[in-house]
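Lettered A, B, C and D in written order, each chain numbered from 1.
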Amino acid sequence: MLCPVQARSSILERSRALNTNRAEAFSDGVFAIAATLLVLELKVPHVEPGGLADALLQRWPSYATYVVSFLTIGIIWVNHHAVMDRINYVNRPLLFLNLVFLMAVAAIPFPTALLADYLQAGHDERLASAVYGVTMSLMGIAFGLIWAYAVLSDDLLHDKIDPDRARRSLLIFTVGSPLYVLAIGVSLLSAELALVIYALLAFFYLFDVLPPLEVREGKHG
Amino acid sequence: MLCPVQARSSILERSRALNTNRAEAFSDGVFAIAATLLVLELKVPHVEPGGLADALLQRWPSYATYVVSFLTIGIIWVNHHAVMDRINYVNRPLLFLNLVFLMAVAAIPFPTALLADYLQAGHDERLASAVYGVTMSLMGIAFGLIWAYAVLSDDLLHDKIDPDRARRSLLIFTVGSPLYVLAIGVSLLSAELALVIYALLAFFYLFDVLPPLEVREGKHG
Amino acid sequence: MLCPVQARSSILERSRALNTNRAEAFSDGVFAIAATLLVLELKVPHVEPGGLADALLQRWPSYATYVVSFLTIGIIWVNHHAVMDRINYVNRPLLFLNLVFLMAVAAIPFPTALLADYLQAGHDERLASAVYGVTMSLMGIAFGLIWAYAVLSDDLLHDKIDPDRARRSLLIFTVGSPLYVLAIGVSLLSAELALVIYALLAFFYLFDVLPPLEVREGKHG
Amino acid sequence: MLCPVQARSSILERSRALNTNRAEAFSDGVFAIAATLLVLELKVPHVEPGGLADALLQRWPSYATYVVSFLTIGIIWVNHHAVMDRINYVNRPLLFLNLVFLMAVAAIPFPTALLADYLQAGHDERLASAVYGVTMSLMGIAFGLIWAYAVLSDDLLHDKIDPDRARRSLLIFTVGSPLYVLAIGVSLLSAELALVIYALLAFFYLFDVLPPLEVREGKHG
């Protein structure tokens, strides 16, 4: 529809490609909105004259969790596109897995607010940190399932991806999920230590662990 | 505008195609925002030290309705694209029908919050469930009208769709609306039973009931 | 960037076309978000057991203004695309006019909430209605300026548009602004009568008053 | 993926181009949402009969900061696209810089609300103005780093850009950041004077200071 030259390819391919683009457009919307809604947790304090500086400083956990959650959602977005670039088309089961994944991403502002409020309150912060870990674990598991489903299918994986390298990438791509689950347990001992794990996991996902798109012999390129 | 090759097609086709893309872009935005705004209903409880676990457990209806409404909006989105893929272009009546449809979709966070709050309060939950059903019925009726208008028109239906199969799909595509209306009545007897119907309808719409895009003889492909 | 074939056209055209697409993408985002944020004005009432029906009925102005504002924003969106389809490219002055226009569109949820709340309160509703009218007038004036700027420029208007018909369309396209200004005055007499004018203006803008894209002799098509 | 003709270019180029488009789509979403969320700061006052006019007039800082922040975000958006148009592709470091930049943009509604509330309260407005300046400084520094990273890299800068002109543009493009930092200092003397600087900086960025895309000899065009 965007480009009539596509009419040369089969109808099926065209329909499939469109599906992929739209799954990405909807996902991009959810990512952008979830990240931007985080600002609503930054509440304006209402204080007596001269009290604003103290009130703002006291709310440092709000700013810290804003930064961590915004960058985390941003990094997940980068990796989501890296996965989508390596998939030929999106079928109904994959769309549904993607919805479950986005449901966890869209929920991130809630545990973020919970963690900020209870770090500031100075009590129940370990439970709040565990709830954050549960949300991130669900996100990580759904994300791992998306990549595993694509790699293990017959035709979803992009032609330019070496299937063997794709299968080997599964281990490192999905290693985040058990670590997030581990962080839930750590949360119950120390919210601060769990926060360090969350930050390290976000840092780890800065790096691209997926196989590259490459020109292979005897194939389309 | 995206692709000069399109200049080969008639101006009219180009203008029409653009209309379709933009109706989808706007619709995608509304879907993504409505789904992501659901998280605002997940409110951070403010409790005495040690009271967070109880407070969070007590709010299970918020999490349950978040999941049901997010997945429902996601599934409607999948089906909306399935319909749009089968339409040649969007004229003003169809744009207006689409607006009415999106108005119902964008309203979903309200009955979702209403239902969550009154399930938790333990009273008036049947009326809240009926309001949820009314919103979903309006959405279903507007969605059915969009497909019916396209199928019964002279030139809106995509060339690759068999008109007979399209007409036969009308019955099963629009069967959801009377069932949502039925769920309004059931709500007045039992909110829980109505919830089961809402969940089953979401599950039913996971399946694609529309006719496929197919290459037919003697036509463009 | 989307389509290498574009490299055939001059760099300048490409850069201009991209600008147009992006102005539309940003505008679509603002429209979709402004429309969807209207739902946040639909507040869940918290009542004693058995009191929900009355509480919901009492809030009819919220539902009425949700419907009017959602459809109004939707119709403005349809007309915004009709204007953008008739413009070759977007230069900095036009981008700035578009920003001022979007600033008024994005503000619509505020006068909508104001009007709903004071219609329900049963006092100061005439002032609230006037504030609604001021917002819509600003939107209408900025929208009229966008079309006037494009029509009266040397090269912004699309090649396929008859410049004479475009100039004649200015009168009917901008007639809405003085009527919105009139509605501000009417608001001070009767909020209800002003509401009728707002609804009639939304209905009027359902129709396309812009000149069509047509193939003219001796030009690109 | 949008256009099979691209298959003629190398896989690498295609992958890179897609990255650029998606970085822009995500950024557009964040810009549109941050701008539109500003309306949530426009709160409906609840007053005794006849008190609405006074209540609305008293809230003039909310309207003033809405206008300044909406136009500021809009102007940043225009300049962000001007930068992106001059970049070949987006690599991981640039994506990360862009995320940090967007994190500052998405935060703008918070200092905007803070400034509006404390200008209205008539105390602590100088600290609130400084917080606004800190947010804008972070935005400006991240934005300057994006352009500097692209200009000083080997292959990120668009082929149609003269590298010498690009390097010379760095000074004027990044001059805003020290001025925003200066405004933080001025805020501590006078919030009003700082506001004038913020408005002047927004006005300054209305103008395009980047080198144009031009056809140079011996290169692709």
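Assume a residue touches a chain if its C-beta (ideal position, glycine included) is under 8 Å from a C-beta of that chain, and two chains touch if they have at least 3 such contacts.
Here the structure is a predicted model, which is why all the values come from computation and not from measurement.
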item: Cα-superposition angle relating the copies subunit D and subunit C, to nearest 5°; value: 90
item: Interface residue overlap between copies subunit A and subunit B, same or different (over half shared); value: different
item: Greatest separation from subunit D - chain, by CA centre; value: B
item: Averaged-CA centre spacing for the pair subunit B and subunit A, given as whole angstrom; value: 24
item: Chain centre separation in whole Å, for subunit C relative to subunit A (CA means); value: 34
item: Shared interface positions of subunit D, touching two or more other chains; value: 2-3, 5, 25, 28-29, 33, 37, 40
item: Complex contacts: residues of subunit B adjacent to subunit C; value: 1-5, 7, 10-12, 15, 18-19, 22, 25-26, 29-30, 33-34, 37, 40, 92, 95-96, 99-100, 102-103, 106-107, 109-110, 113-114, 117-118, 123-124, 127-128, 131
item: Residue ranges of subunit C in contact with subunit B within the complex; value: 2-3, 5-6, 8-9, 17, 20-21, 24-25, 28-29, 31-33, 35-40, 42, 44, 46-47, 49-53, 56, 66-67, 70-71, 74-75, 77-78, 81, 85, 160, 206-208, 213-215, 220-221
